[in-house]
Amino acid sequence: MANKKVVLAYSGGLDTSVAIQWLSDNGYDVVAVGLDVGEGKDLEFVKEKALQVGAIQSYTVDAKKEFAEEFVLPAMQAHTLYEQKYPLVSALSRPLISKKLVEIAEQTNADAVAHGCTGKGNDQVRFEVSIQALNPNLEVLAPVREWGWSRDEEIEYARKHEIPIPIDLDNPYSVDQNLWGRSNECGILEDPWATPPEGAYELTNPIEKTPDEPDTIEIEFQKGKPVALDGKAYELDDLILELNALAGKHGIGRIDHVENRMVGIKSREVYECPGAMTLIKAHKELEDLTLPKEVAHFKPVVEKKLSEVIYEGLWFSQIRNALEAFLQETQENVTGLVRVKLFKGNAIVEGRKSELSLYNEKLATYTPEDEFNQNAAVGFIELWGLPTKVHSMVKKKGVNV
Amino acid sequence: MANKKVVLAYSGGLDTSVAIQWLSDNGYDVVAVGLDVGEGKDLEFVKEKALQVGAIQSYTVDAKKEFAEEFVLPAMQAHTLYEQKYPLVSALSRPLISKKLVEIAEQTNADAVAHGCTGKGNDQVRFEVSIQALNPNLEVLAPVREWGWSRDEEIEYARKHEIPIPIDLDNPYSVDQNLWGRSNECGILEDPWATPPEGAYELTNPIEKTPDEPDTIEIEFQKGKPVALDGKAYELDDLILELNALAGKHGIGRIDHVENRMVGIKSREVYECPGAMTLIKAHKELEDLTLPKEVAHFKPVVEKKLSEVIYEGLWFSQIRNALEAFLQETQENVTGLVRVKLFKGNAIVEGRKSELSLYNEKLATYTPEDEFNQNAAVGFIELWGLPTKVHSMVKKKGVNV
Amino acid sequence: MANKKVVLAYSGGLDTSVAIQWLSDNGYDVVAVGLDVGEGKDLEFVKEKALQVGAIQSYTVDAKKEFAEEFVLPAMQAHTLYEQKYPLVSALSRPLISKKLVEIAEQTNADAVAHGCTGKGNDQVRFEVSIQALNPNLEVLAPVREWGWSRDEEIEYARKHEIPIPIDLDNPYSVDQNLWGRSNECGILEDPWATPPEGAYELTNPIEKTPDEPDTIEIEFQKGKPVALDGKAYELDDLILELNALAGKHGIGRIDHVENRMVGIKSREVYECPGAMTLIKAHKELEDLTLPKEVAHFKPVVEKKLSEVIYEGLWFSQIRNALEAFLQETQENVTGLVRVKLFKGNAIVEGRKSELSLYNEKLATYTPEDEFNQNAAVGFIELWGLPTKVHSMVKKKGVNV
Amino acid sequence: MANKKVVLAYSGGLDTSVAIQWLSDNGYDVVAVGLDVGEGKDLEFVKEKALQVGAIQSYTVDAKKEFAEEFVLPAMQAHTLYEQKYPLVSALSRPLISKKLVEIAEQTNADAVAHGCTGKGNDQVRFEVSIQALNPNLEVLAPVREWGWSRDEEIEYARKHEIPIPIDLDNPYSVDQNLWGRSNECGILEDPWATPPEGAYELTNPIEKTPDEPDTIEIEFQKGKPVALDGKAYELDDLILELNALAGKHGIGRIDHVENRMVGIKSREVYECPGAMTLIKAHKELEDLTLPKEVAHFKPVVEKKLSEVIYEGLWFSQIRNALEAFLQETQENVTGLVRVKLFKGNAIVEGRKSELSLYNEKLATYTPEDEFNQNAAVGFIELWGLPTKVHSMVKKKGVNV
């Protein structure tokens, strides 16, 4: 019987290299796919290595621009922070990677798609639900979850099959990175009382080593999208990478989070998101100036739901479409300039302005230019307080029932 | 006809001193009440000055402990930040001051209660609704709103009645302060593009002048209440004041906010809340460790509502009681220790631990101690993804209707 | 000085007839506008009467189709029921009427717009906020609120100016009606313990007088819009009127509501909405079949907010646009047929079907055709229950802190 | 090796009778527990039958009062309707049954607890999560899910072991019943287009066979709890049973629901809840009279969450405790009388009154007794509409960006 064909998300690391061999052992022809979503990967090297360890075909995809425009941008506009802390770094890339895998599976007439996740994280859920959403006829394989080996067993298997063992094998960290940030778990981090060691960080300076002079930057937004930095136009992916460097230098965007995973456990993760945290903060400040109060007060409800939907792997779903449709309407007037001082771990918004600002100095001022009608307040308070007054009178009646 | 009697919230400043005279002119005997809610006021001085400018009686109240225990504590436990930014500094003290005014009005058989707010802020609403909630039979007067004078007219009136004019009359700031922080508006701040001048701040160092060595502190919580600092027990009001000094020294807690007031305008305010922001952050981290996921995900809905309820002057209301009842249940297990590094404007939680921690290292670990059943994930994902799969199959049918 | 020009929403009744005279007395040339939003008004009669009582111009507008398509349809799709009861009958027509008034004011170069509401209802708010949203430069007049007359004073004024007094002057009811239903307040209804008298109703039979045979109808929806009744295509306004007759005959859609008005009071209203209640119910049942669970569980949050936004007069606002954008995405698959039995005050959905149904008999069945994998449930429950188990183990430790 | 001991929820039906045998075959001593939660079961018969088919011990528990007071009452006060339709009949009894099983398991030193659910419903989840919450050390067995037999295989096994086969074996319905209602699934109901057959109903008359005269009843509530019917005091369980009979006679409370189960599928269920639907409706009307607006508008958020929490098996959890704490505060003033007309499938609230009513006729009236200050509305609308006006002016500037 002919082999089945499987499309594997291939990182070049040990797990997915072993997976190529293991899938072959189990009767699959493996098509490897290496993606760059902003982690600065050497795609050529990944492509070659896949073939070297046994893939029958090897694809690479530079998905940075699509990732920035289609996945990161709405997340930034919605200030999506899972449990008010985590900017959804990996949760955003998983659906994009799934989409690319499914596209290549359909082009190559593959029977299955495979990912390298274990059985206790969130990413397995995100991959499998995304893939089913895009093509419910594709089988999904999770070799690492299936083989269930210890680290030692995996290395022995790799040695036996002459799969290259990485030099930094004793690196205690398990890292995922893309445009929107970098996540890190494992080892010493598993004790939530322990301070994360400096070795856990790569994109950000410790505050102790940040410059003693701030950088003050101006970010321009058009309809909620960052389009320029200090007056210079940027593509979104480039702007984020530039901000990662700049804000990272000043130690901005370290996040240390004990979070509730989908699979029922709490885990402790360390994230670095210098560009993400700077952009989310600046964007929120511009919204403070340009969103009507009713929108400003309801949008967080939508933001919270969208954060959970993305975290829980439901990117390709009607609920996300509907939440994003709400979101897009709110961005209509989010146009203007935000001035941010980057200094010693802080992204401080010092000023914001917009031609569409709803802040009206004539109404807000306490100077003689004041146009606000203070008498209106009397009637306002009378009706605003009326239910309280009636309630209070009822209580005072001292009725005992 | 005998004069009516009014109980006035008296600060010792120009507006309320003029108000004593103005109320007397309008047929009221004025009972002045000076309160300390943590701003470090000289109550003796305030008491004397009230009598000197015409009050028939002068009371002072040190309300710091009651303010800390009854008003600040639930706000901290609920992480109440209006529009995700403002820790409700003044919004928390207004109901307490109203309560004291009503108590004294009832003791002195007064006919009315008066406050010194203008007609365009939120505080007038908070005072008037609170007073009506507590005693709907008391008249409420707002002399400053009623007289509607310009600054010059007010000063002329003061001069004519020999009311002392403050030396810092050209101070451009309008400040309110209590245990939970300090708010500031006016002048240059009215342009939201302008950087707030250093003169606007008093509780916090600019980052440029903060120490080059961090302070690392341990905050102990019992059932959601901070009870000790670095192992030393504190009353809550003292603990907050201590943290204000400590975190303020490190430049923590500056907030620059363009906010939506109740009365229909956006205004720009600058707040300093070093203790508040440090405690809210530390408390949230301990909750991350000790709250079940369902609670952690719904509590923010309650927090947001409580923030709005307090901001909008509805402290004395059934809705606040009900929201707080929810809140109290959630604090049952929020007991433990949080280690915070204070440095260069940052309050960084480096570790948290609790005997009631729901973080389970045996489940979270990737070491051989792992007790998590990875096979369970397969069934979990199958059912979690089933609706997506069905939805996807329906779409694939390509039905056109 | 030349008169100013005002565009008045004119109903043909006593209040607005008197308003024409009163506005003329106060220096305004009055342009009257009579609208039909489905109440079955004789527009020609209204037009003539306006001129007869002193308007300088008289317009009429048949706005039924626009009302149905632009205002009623999204409200039905969102199942908007204020406080879970009131289908927003008048709240929906006010923004449409405001829009027409503003259009005519702009065409006729008028300075002002006027409505006939008193000072204690919701409609004054809806008119004034809608008009300001559409053209903030137009003055808004509320003659009935301004003159503040008693009923007797108003009649005397009318007699003096030879304004026709209606024959049913002692009619105790204050009614508003359109396509989406009929509202009624006043008189005996003001005691919430009293049963509404039969005279309060007009669109619906009392159950005692409904037919003893049911009508069973099939309503077809396409993308959330009702398009046919028993296989016959209808324009939306006609379909609603047809259903009003049919469901009204069976006594469906009486609503007796003690509601919280915007202006701080509770009032008791009686509504009749036979078509509205039938359509909302049928549409919800089709959604139960076609919406994914995540959408079905979040849409009510949007529905509730939209109900409040519309009730509170904020139709022309970014928040409504954004909520409707969410809503529209959800209607994509709400296509199918619903069978409703109309009988004795009940609209009973007996069946629903759709080519886009997410109900999958193969998964739901308990017959041997079952394709559901019951083993998956074991893993699902293990992870679903894991946080509870951990929490329970922590509690069992009996830690006392 | 000695047998392990298992406590089994025993209904007296075929499945759990076979389970006693099957568990014995698998090395367990079975302790059977028969419960009455209001379904009117013959507990003596159940007790005897358990022993007869092989249990080593047989307990019975009349849990009606506990069920009514501790489980049904808060659900009624929260108007919990899953997906706005299902009053959580079985979802409410599962945690109570689990609690009784665990109590008996602890008394008898059992090793395990067992339930009779299959692998595709919600009840398996509710049982297993509840049991783990109460005692995480108990093993949970689900024999019906484990053996995975077809109906024929099960009957053959029963015959072989001389387990009595019920006479109504070809009864196509799968029913669960308690105080709060009756649920039914299976057979013809699996086609959501099909009208449920009359045989599916037992507690309610079809409207065609209801009396031609209404019953009008008065329900008295104290602090949100129904305490009397037509002036006669009742225990809660008796009151509900009485109402089931009365409202059921008038055909009230049939619910036909296509619902989203926890396990990822949509299913169609038919419920009968005559007492539940009558009480929920009456209670809501009394709340309309006695709850402040802010509470009335936020309580539905809590109600929706509580519905989902209960549906999803999380009764024994901190989130339910916290939601109920909110709920209890809101019931403080829900005291009064509601008059309900039961007629032809309708429970019509015709009147409601309360000494704690917040409805104030003096404020609501349009008669000369009116005490409402209509002038206050002008100031109210000015500030309420101010953001809209500013927004509109900004739009009119015609800025193009």
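Going in written order, the chains are labelled A, B, C and D, and every chain counts its residues from 1.
Assume contacts are C-beta pairs under 8 Å (C-beta built on N, C-alpha and C of every residue); 3 or more make two chains touch, one makes a residue touch a chain.
Just so it is clear, the structure is predicted and the values come from calculations on it, not from any experiment.
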item: Contacts common to chain B and chain C (chain labels); value: A, D
item: Superposition rotation for chain B onto chain D, Cα-based, multiple of 5°; value: 180
item: Distance from the mean Cα position of chain C to that of chain A, given in whole angstrom; value: 41
item: Length of the line joining the C-alpha centres of chain A and chain B, rounded to whole Å; value: 31
item: Junction residues of chain D, two or more chains touched; value: 260, 263, 265, 292-294, 301, 314, 317-318, 333, 357-358, 360, 363, 375-378, 380, 382-388, 390-391
item: Chain A-facing residues of chain D, complex; value: 222-223, 292-294, 333, 335, 355-358, 360, 363, 373, 375-380, 382-384, 386-388, 390-391, 394, 397, 399, 401
item: Chain A-touching residues of chain B, taken from the complex the two chains share; value: 83-84, 118-120, 124-125, 128-129, 132-136, 145, 148, 150, 174, 185-186, 190-196, 207, 254, 256-260, 262-263, 265-268, 284-285, 288-289, 293, 296-297, 300-301, 304, 308, 313-314, 316-318, 339, 343-346, 348-353, 357-361, 363-368, 370, 372, 374-378, 380-381, 384-385, 388-389, 391-393, 396
item: Interface residues, chain C side, partner chain A - complex; value: 260, 263-265, 291-292, 294-295, 298-299, 301-302, 305, 309, 314, 317-319, 321-323, 325-330, 332-333, 382-387, 390
